[in-house]
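Each of the next two complexes has chain A plus one other chain: chain B in the first, chain C in the second.
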Partner chain A sequence: MAVTLVKERWQSRVGEVILGATPEQGGTRSHTITVGGDGTLPFLHFEGTVANRPVVALEVNDVEPDWSPRLKEYYADVINNPAAWAKKCVDEYGADLIYLKLVGANPEGANRTPAECAQTVKDVLAAVSVPLIVVGCEEAEKDNEVMAAVAEAAAGENLLIGLAEQENYKSITAAAMVHKHSVIARSPLDINICKQLNILINEMGLPLNKIIIDPMIGGLGFGLEYAYSIMERARLGSLVNDKMLAMPMVCTPGYEANRAKEANAGIEDFPAWGDLHDRGTMWEALTATSLIQTGASILLMRNPEAVKLVKQNIEELMVSNA
Partner chain B sequence: MLIIGERINGMFTDIGEALKNKDPKPLQHWAVKQEEGGAHYLDVNSGPAIPKEERPEAYEWMVKTIQEVSNLPLCLDSTNYDAIEAGLKHLKRSGMINSVPAERPKIERVFPMAVQYNAAVIGLTMDKVGIPLNAENRIAFAMELVAAADEFGLHMEDLYIDPLILPCNVAQDHAPEVLEAIRMVKTLSNPAPKTVLGLSNVSQKAPDRHLINRTYMAMAMAAGLDAAIVDANDDDLIATAATAEILLNKSIYCDSYIKVFKSR
Partner chain C sequence: MALTGLDIYKQLPKKNCGECGVPTCLAFAMALAAGKAALSSCPYVSDAAKEMLDSASAPPIKKIAFGAGVELGDETVMFRHEKTFYHPTTVMIRVSDNLSAEEIAARVAEVNDLEFDRVGLHYGVEGIAVTNDSGDAAKFAAAVSVASGALAENKSMVLLTEDAAALKGALEPVAGRKPLVGSATAANFEGMVEVAKAAGVPLIVKAAGLDALAELADKVVAAGYKELVLDPVTTETSKALADLTQLRRLAIKKKFRSFGYPVLAYTSKENPLEEIVQANVYLAKYASMLVINAVKKEHVLPLLTFRVNLYTDPQKPIQVEPKLHAVGDVTPDSPVYVTTNFSLTYYTVQGEIEASKIPSYILAVDTDGTSVLTAYAAGKFEPEKVADLMEKFEVASKVNHKKVVIPGYVAVISGKLKEKSGWDVVVGPREASGIMSFAKANFGS
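This part shows the complex of A and B:
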């Protein structure tokens, strides 16, 4: 007897967000990238529309990061030059976007001025033609100044800027509205705060199609499954017409996976764990591929070898199973 | 929970007058006001103000008039199916047919029409004889309507079973039977049909209508109610629906959940 697949009829879909702007649109990017738009759970081509493939951004820092030597090796020749670093990510490592972290703004660190940070963003914009994601140093007060300067310096580029959080969203939202950028709304693994933050940002006047959700995640072995179910709830919400949860999601597997002991401890300490190089790569790749299974649209990554695996996985998942 | 605003009905004096004089203002006023209140759908009923032979033309006019100011989907409410069809032809968004009893000739007229116009159908658990007293007999009619949906190719999610609530001040014994019927409807098929109530009927001619309406609505939602034809400008009722959805874990909590419920 033939088996009939049971298909859900979803009432709604994830919203689409466009990143970057071409010269005709007021920016300087060679192309834009559209994320979101799916009308079903991830990759169920037989049930609904899988509108846009997930994309991968590689992380670039404006100061030398305290990453493991294993990761820094990939960027040894460019690690003190964000523009060259970004170019290498795009040209050699196939990054769809650049994720620029202005860590140097931190008052406890290099304490760069907002103007210096804005110049770094301009340098990176000049070096690559892909759309940019730009975040500050995660020091709220300084970030408000820095991101206002960045938003102004890159007006019209439709950057994806962050981070808007429940206790600090007004300044960055205003900057995005004035200078035509999109915003990352970050909530601490909490679906209720996630939804409320989207409402607050939207009430200021930023359209829903200019907001990307960062639900925050745990890496593989460190709460990934908790993040997974929160993202699943958000996706299910968007499919039943909960517009305040229907934004595409961005995740940080590069940061979270490489914090794990399993991505850093050498084989000499844990002989049973096997070679660190492959283990570290797999830790980030598996964190990332799990996240796209629950609806991540943008992956912020660090390891180029992991990126290669993830992009291959995305290609396979985008083949229709209808 | 789908809120269907009941106010555009010729039984109300201002709408009845508007229909006679072809005055668009009262219809448009209530379309906008009900949407602001929290309606997701608008019921449209000419009432007795218009003679039968003029009703098709009246429904066409009502649909066009309302759609000039509102994008909400419409629930065309009449026992005159030619009038409903006249309205269906001009809908911008898929609508709803209100309603059809479990009587064969009427089923044969309404279900194919619903499929043709991609509309949902409200099916009443009654026949020529009237409304049954207990849940079991209501379900027997519901089953006929479910079978008809299957027969005519209407998606089960587009069938809204109305188990028919009566005023509690004269027919108190119906209220628990209707709740039980709502529960039982959900077991009739998979996917299950939806359920709907003409809620305001429960409080006809009682002094504390708002309280009775929202209390019964919360109880019915817990039993599985999906939609209700209500006073969409009763703020406490709308807030109760939004809150019940949260407490039933049907939508995700956030501090502004009532506002989200109204605006979706």
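This part shows the complex of A and C:
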């Protein structure tokens, strides 16, 4: 007896966004990376196009980050040198992209000038040939200055820059338009604000294929399900032709998973949770692999062992099941 | 597809005898459609009509119960935001009958210990699946017996062999545990059905490929057994995702009866980390039960934690009561912390405060169950609101100081909060993990 499979006929697909630019395109990257483009739910090859695999970016900070000793071990030799750190991520840990956080710009911290931050971006661009994602220090006023300087210094590179938020999107959107970059539009777990923000950014003149959605996830065990469902709804929306939800999505499993006590507390304090090493790795890996099941296109990660597991999972899921 | 009262009425004898307790057949049909009456109270309904009405009113995926309270299936949606997922994927740890009695006892002891406490929740795996890898009936029976003896009372068992005689022998002594048994294949299903039926335990139906699985499930039903769990033989991750998705879609969207049962998935990876990543895919996409090899706490905890996330009812965000909570033996000198009523945020903060061993108050602000950053971004952590709550719960009457600690992420509200409440506002750490050192530095004796 032949079973008649249920195949949905989706009207539309997720938009495609290209990251990075080669010399011919006005940048200096050895290649570009395209995300999005799927015409079905994640990895349902039997039903529609699974156009581009999800990609993994490893996080690099411009100042020594406040990470757990367990995480910092992977970067001990490069932690004070963003360019060398980025190179290690690409050469040794298989990062598809680099996610550079300019934490040093923070007025409460190192208070680096916009020019210093722009120089860091240039150093990292020189050290690696993959496309870059660059965000500021999450201090809105300072970030507006910093990202304007970064956008200018890296004009033509088609960076993915952030963060555009509902209360603060104009300056960064303008910088992206002038200097040919793409932006991360971040909204707090709210599908309506997400749409609204995309509309506002688009109205300023930035094309939809220059916007990536950051839905603000929670980590494994800490509200992951909120983002899980918002992202499933966004993917379904894009498949039924909701253009203002049809951008690819970026998620922050590295940050969110490693904030959890479960990724930091040793077995001596929590014997019932088992050994920390693998627990920490799995906390980040499962946060990421759960979200690619909802349609995440870019994963911002920290733990190279988790990255290896996630990339292998992606590899397996990209095998056709048609 | 629920039937209307009229659909049901057409199938009734239309005698209007009133013996069912309702004066007319039409009124009875309406009561049936509303779920307020049972078809069995009609003495004259034909068997054909009964069959038709029963199957039309059956849930798209049958609920299968076994062991110590395990329930599988009975799901109604493809996505949790459509309603909710009801029966969390049961996770069973594989125990091979190739192990020695000592090894089996040790492994089962590890399984018994796979119980976790975090953020106010307690969860664990459901039990073990003993597999007849040896192919030897006596060895299987002995392994099942040892495993059952070592297994905690609150855990459940699955017995896996393709030899009906071996199953019968192993099942008898542990029948009291009401295990799930398998696996019925095209070659052995008659014998397997007989054994499962006699013991009154549910049966796994196993076939590779959806066509073969549907055919076999129909044969088993025709042989008179409907307490089934489907095994589509998952080996390769992507193919398994496709099969599991089709099984769920066909059951829910098409009411395809051959697939109206819970589905079981096996992992195929040897490395426990890779295995858990693969299991996570199957847990996300539609397996009702998983059989895994990993037995270490650090590997199993993350998987079960994802299960908690996925099966949280989206209609009921997990919240604690928005009020002034006391942690430890509070005194008028105790510090006062403010956080959100999102239970994960709250329990994380509470855990750190407990660990600091300084009894304290926590004022949980009603943020509709969102975390600090999300709440602030959405305008649900405003200074006015915090000040009002401080007044409402009479914080001033509980302590002899006027110092309130707010999360570092909302440092920006400190000025306004001071103005509104008249209290000194202390900016605490951004992350709960900083509370311990913060408390020691600020409130330690």
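We adopt the following convention: the second predicted complex is superposed on the first by the 322 of 322 C-alpha atoms of A that agree within 3 Å, B and C clash if a C-alpha of one lies under 4 Å from a C-alpha of the other, contacts with A are read in each partner's own complex, and residues count from 1 in each chain.
Just so we're on the same page, a contact is a pair of C-beta atoms (placed from the backbone, for glycine too) under 8 Å apart; a residue touches a chain by one contact, two chains touch by 3 or more.
Computed from a prediction, not measured in an experiment: that's the story for all the values here.
A.B. asks: Determine, under the contact definition given at the top, whether A:Q293 touches first (chain B), second (chain C), both, or neither.
C.D. replies: The second partner, chain C, only.
A.B. asks: Contacts for A:R233 in the overlay, against chain B (first) and chain C (second): which applies, first, second, both or neither?
C.D. replies: Both partners.
A.B. asks: Is A:N80 touching anything from chain B or chain C once the two structures are fitted on A? First, second, both or neither.
C.D. replies: neither
A.B. asks: Could you look at A:S30 and tell me whether it touches chain B, chain C, both or neither (first, second, both, neither)?
C.D. replies: Neither partner.
A.B. asks: Tell me which partner touches more residues of chain A in the superposed arrangement, chain B or chain C.
C.D. replies: Ranking chain B and chain C by residues of chain A touched puts C first.
A.B. asks: Is A:N111 contacted by the first partner chain B, the second partner chain C, both or neither?
C.D. replies: Touch status of A:N111: no partner.
A.B. asks: Who does A:G223 touch here: chain B (first), chain C (second), both, or neither?
C.D. replies: The second partner, chain C, only.
A.B. asks: Is A:N321 contacted by the first partner chain B, the second partner chain C, both or neither?
C.D. replies: A:N321 contacts chain C only, not chain B.
A.B. asks: From the superposed pair, tell me which chain A residues show up as contacts to chain B and also as contacts to chain C.
C.D. replies: Residues 233 of chain A touch both chain B and chain C.
A.B. asks: What part of chain B is in contact with chain A in the complex they form?
C.D. replies: Interface residues on chain B, with respect to chain A: 155, 157, 251-256, 259-260, 264.
A.B. asks: So in the complex, which bits of chain C are touching chain A?
C.D. replies: Against chain A, chain C makes touches at 79-81, 115-119, 210-211, 214-215, 218, 236-239, 241-242, 245-246, 249-250, 253-254, 256, 258, 272-274, 276-278, 280-281, 284-285, 296-303, 305-306, 308-310, 312, 314, 342, 344, 348, 351, 370-371, 373-374, 377-378, 431-433.
A.B. asks: What residues of chain A sit close enough to touch chain B in their complex?
C.D. replies: On the chain A side, the touching residues are 9, 191-193, 195-196, 199, 233, 237, 241-245.
A.B. asks: Where on chain A does chain C make contact in their complex?
C.D. replies: 1-3, 5-6, 43-46, 165, 188-190, 216, 218, 220-225, 228-229, 232-233, 236, 259, 261-262, 264, 272-279, 281-283, 285-286, 289-290, 293, 305, 309-310, 312-313, 316-321
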